[in-house]
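Structures follow.
Presented sequentially are two complexes of chain A, the first with chain B as partner and the second with chain C.
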Partner chain A sequence: MLIDYYAQLSGLRKYNAGAKAAFAFLNLCIVIAVNKITLSLFVMAFMSLATLLKGKTPLKVYAKLMSIPLAFIVLSSVMIGIEFSSHPLGKYFISLHFIYAGITQNSALTAARVFFKAMAGISSLYLLSLSTPINEIVTVLEKLRLPKIFTELMHLIYRYIFILFDTVFRMQTSAKARLGFCGFKTSCKSFAMVAGSLFISALKKSQAYYDALLSRGYDGRLEFLSEEYPLKASHILSAAIYYVVLFLIAKVGV
Partner chain B sequence: MTKLQNFILRTSVVLSIVFAVCPTAFAMHIMEGYLPPAMCIVWGVVCLPFVLKGLFTIKKIFAENRRAITMLAMSGAFIFVISALKIPSVTGSCSHMTGTGLGAILFGPCTVSILGIIVLIFQAILLAHGGLTTLGANTFSMAIAGPLLSYGIFRLCKKLNVNKKVGVFLAASLGDLFTYCITSLQLAIAYPSENGGVLASAAEFLDVFAPTQLPLAIVEGILTVLIVMALESYAIPELKAIGYEA
Partner chain C sequence: MSYKLEIKNLSFAYENKNVLRNISLCVEYGEKIAVMGANGAGKSTLFLNLNGVLTPDEGEIYIDGIKILKTNRKILNKKVGFVFQEADSQIIASNVRSEISFGPINMGLDRREVIKRVDEAIGYMSLTGFEDRAPQYLSGGEKKRVSIADILAMRPEVLLFDEPMTALDPVGAKDTEEILDKLCAEGKTLIVSTHDSDFAYRFAKRIIVMSEGEIIADGTPYEIFSQPDVINKAHIKKPALMRMWEGLIALGIADNNGKYPVIEAEALEILALKYKGKESSK
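Up next, the complex of A and B:
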């Protein structure tokens, strides 16, 4: 889990988690509501620089992470850009014998907007996820008065994910050592066997963990500790300046 | 030109584009920032009754059996881990299961709606699949619509006394396909085609994701059958404990 690892090391880690979440989320909302290329580009540049320079996430890692959603974005933006029809359409089109695939000015603009909007959205999300470990985000959700069951489950699932990943990697390694992944058919079988035994060991572990909870006096309420970092006036001020700039760009951009 | 010719042509064009651009296949998460604000809110509101129902169901389970808390948390973590594993694939690309079909068969659709929304949040934050503003849309397609259909088919096949393997296969793969149809529809409603509206646009999105999603649905079906069979031969008591009826 690349993102979690770098979130723990981030230079932005010691900023107030609630403020980071609010900042990233408000930013996301503005990006999708305004939907202008200049604004999206600005947000993308700002968020990437903040993550890279302030958060000290290595450039290589950041580039790799940015490329994850790229395939989906490129593919669906192309689909939005291209219009199929039975007659020639727009400025540029190619005849595919039966139908015409064309790009109209409108469809191209929409596609470009969607593309940059999505990239800006992802860079804002990374600012949050590459600087804030999940347990701090869940604590923020707790403060927003989400149902207790929900946040308790989130805390526990976050812990258990790492335990199960550890188990599943060991199982897969031992399956590989026995040539369990040669050929498609064997791979399917090994995958299912690993998944099946993972489920069984997960349930066994859950019973042991419940006993561990009971022995520590569990009575239906789980309390999780998480570090709190104070909200500084300078942070609020810089966020305010950022939003003013954002507002000005939104006014003039295309 | 006949409809069939049209379909073949489109599919082939799209196939070539897909293999040129995209070497990896993704589960159908709508990416962060992709939907306009109105759509984000609408899909969130559509999810609300299902999520509330799930929440009440889980509350009831906890009231009856406190032990369920670690069990449900483990189940959620299990769905997450399964969906993050690379699955064997024919083309050599890297793809993932959705895992929600399996979840629906094992835990029932109400529980899965809650576990699914948590898993989707974690996928967005930890793996950068999906996003926070698109959470509503993704929850509806992956944690509600897909599992509901999977569960429905699974129960129906049981009632009709269809072979269990066939039932599980149909449930998982059709659930997966349904998820992908819903996602395409969501994208199409958000970005309708200029000359043809939502339906034409939906056909485009269906086409473009079909080459990765169709094989994926079949593989997911096969894997789910194998997993359920493995579980039934080793873990009947555990399965009964979580409410699965063999």
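Up next, the complex of A and C:
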């Protein structure tokens, strides 16, 4: 929800969605294939700055979003960095009775590479998702010939998930107002009641939504006017320059 | 005689529960009709039948002299537009522009015509600047405007509004009423269901009162609101202005010549003319 809100407001929203998606995915592929720290750092810096400066996503929000995957990445990088062996390895090690756990130069480098690679990949995907609302991404998928049934479902889910969340929020608030969430036992009971009445109201509402569809001549095909933002020559040119820089860094970097 | 919309002996039941019983109604081109009645009187169900979403169990619907059958129900979708009570249950797409395009696309129009109609509806409902906005970030009044634009883009001849003022703040309600007046002035046929008798009294030229699935009264606002049994049976309220005027007549201040004022300004004018012998400034 947070991502969607800022995607709607992003300064990068008026860029062609297909181009943004292609740009982000190509970036991701290059970062993984090249696997060099300098390149990863460059991509990370570029993507973050683009999201923050051009997209105008608030720094606080961006930091919060970045910190979610960061925890996982730090944990897994640490595990990659530590090597286990029957004899002492590298400069820093501790003895665990029969085996030694240590950090070698090699393992530290691998860990750092994985860490920065992951962060660079995440920042490229955030550039896409913080500048492109889901419906525009779905339109790109439609163009890529994803079966209609999936794209229609995505459109509908995207529309109704907000109504669902809104309803849950209101039900929970009214339960809270009647002391429904004081103590563990009542909380469990209230949760079950909210879930139950949510299901029933969803069933009831779905009929009203279907009627509304029929009233506008729905006959099994969900089609909307979707207009993409034009792809500008200047955007293509800047992307090309960016990839040349990436190529140079990939050549010389470590 | 060719009526715009004609219903003959229509009945409809939801799973053995009779909701509409033997309804007959003729609506002519350009009429301004209010449908009143308690909750559950069948107003919304009648609208769904008129719009072709539901098929009547018995009875016939004619539009422009064409009889509606199961095979040509789509004519009703096109010619009779239905603005739902809750905008949220009507809005389906994830931005305003594609939302408004849904109806015209279903009508099978070509892309250029769809774009033309969508732009027109956006302009008409003053939604310019909201085209790319997702519905979850619109206010209640804005959503209402989108749901009306949805229907206008289909260019129906008859417009059904199900309680258009509910859940709107006074400004939103005023805007909606202005839009209804504007549509009327352009010659559209409007059928509006409402609980607000003050609104019905000043807006409609004809009121249809429903109770328990039947039409119990059909006439001008003055005729309807001067029948106490109809008012009681349908759980409606006499408009404030009419009660006030009756009070003035009882006190001998106003004349009882069968002409009741429809809006406050008119009442003031009549009184000013009588007591000061000149037109009031207001």
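Going forward, the second predicted complex is superposed on the first by the 236 of 254 C-alpha atoms of A that agree within 3 Å, B and C clash if a C-alpha of one lies under 4 Å from a C-alpha of the other, contacts with A are read in each partner's own complex, and residues count from 1 in each chain.
Note that in this section a residue touches a chain if its C-beta (ideal position, glycine included) is under 8 Å from a C-beta of that chain, and two chains touch if they have at least 3 such contacts.
Predicted, not measured: the structure shown is a model, and the values here were computed from it.
Engineer: Quick one: on chain A, after the overlay, do chain B and chain C clash, or do they fit? Just give me the call.
Structural biologist: fit
Engineer: Can you pull out the angle centred on chain A between the C-alpha centres of chain B and chain C, to the nearest 10°?
Structural biologist: Vertex chain A, arms to chain B and chain C: 90 degrees.
Engineer: A:A101 contacts which: chain B (first), chain C (second), both, neither?
Structural biologist: first
Engineer: Kindly classify A:P58 by the partners it touches after superposition: chain B alone (first), chain C alone (second), both, or neither?
Structural biologist: Neither: A:P58 stays clear of chain B and chain C.
Engineer: What is the contact status of A:Y209 with respect to chain B (first) and chain C (second): first, second, both, or neither?
Structural biologist: So A:Y209 meets both chain B and chain C here.
Engineer: Between chain B (first) and chain C (second), which, if any, makes contact with A:S226: first, second, both or neither?
Structural biologist: The answer is second: A:S226 touches chain C but not chain B.
Engineer: So, does A:K189 touch the first partner chain B, the second partner chain C, both, or neither?
Structural biologist: After superposition on chain A, A:K189 lies in contact with chain B alone.
Engineer: Chain A residues in contact: does chain B have more, or chain C?
Structural biologist: B
Engineer: Between chain B and chain C, whom does A:V114 touch in the aligned arrangement: first, second, both, or neither?
Structural biologist: A:V114 sits against chain B, while chain C stays out of touch.
Engineer: With the two complexes overlaid on chain A, what is the closest approach of chain B to chain C, counting only CA atoms, in Å?
Structural biologist: Superposed on chain A, the two chains' closest C-alpha atoms are separated by 10 Å.
Engineer: Could you tell me which stretches of chain A are touched by chain B in one complex and by chain C in the other?
Structural biologist: 4, 134, 156, 158, 163, 205, 209, 213, 218, 222
Engineer: Which residues of chain C touch chain A in their complex?
Structural biologist: Touch list, chain C to chain A: 48, 51-53, 74, 77-78, 81-82, 84, 86, 88-95, 97-99, 101-103, 105-107, 111, 114-115, 118, 132-137, 150-151, 154.
Engineer: For a test of understanding, state which residues of chain A touch chain B in their complex under the given definition.
Structural biologist: Residue positions touching the partner: 1, 3-4, 25, 28-29, 31-33, 35, 65, 68-69, 71-76, 78-80, 82-85, 89, 96-99, 101, 104, 106-107, 110, 114, 117-122, 124-126, 128-129, 134, 137, 147, 149-150, 152-154, 156-158, 160-161, 163-165, 168, 181, 184, 187-189, 191-193, 195-200, 202-207, 209-210, 213, 218, 220, 222.
Engineer: Per the contact definition, I'd like the list of chain A residues that touch chain C in the complex.
Structural biologist: On the chain A side, the touching residues are 4-5, 8, 13, 133-135, 155-156, 158-159, 162-163, 166, 205, 208-209, 211-219, 221-227.
Engineer: Sort out for me which residues of chain B touch chain A in the complex.
Structural biologist: 1, 5-6, 9-10, 13, 17-18, 21-24, 26, 29, 31-37, 40, 55, 58-59, 62, 66-67, 69-78, 80-82, 84-85, 87-90, 114-115, 118-119, 121-122, 124-129, 131-133, 187, 191, 193-196, 200, 204-205, 208-209, 219, 222-223, 226-227, 229-231, 234-235, 238, 241-242
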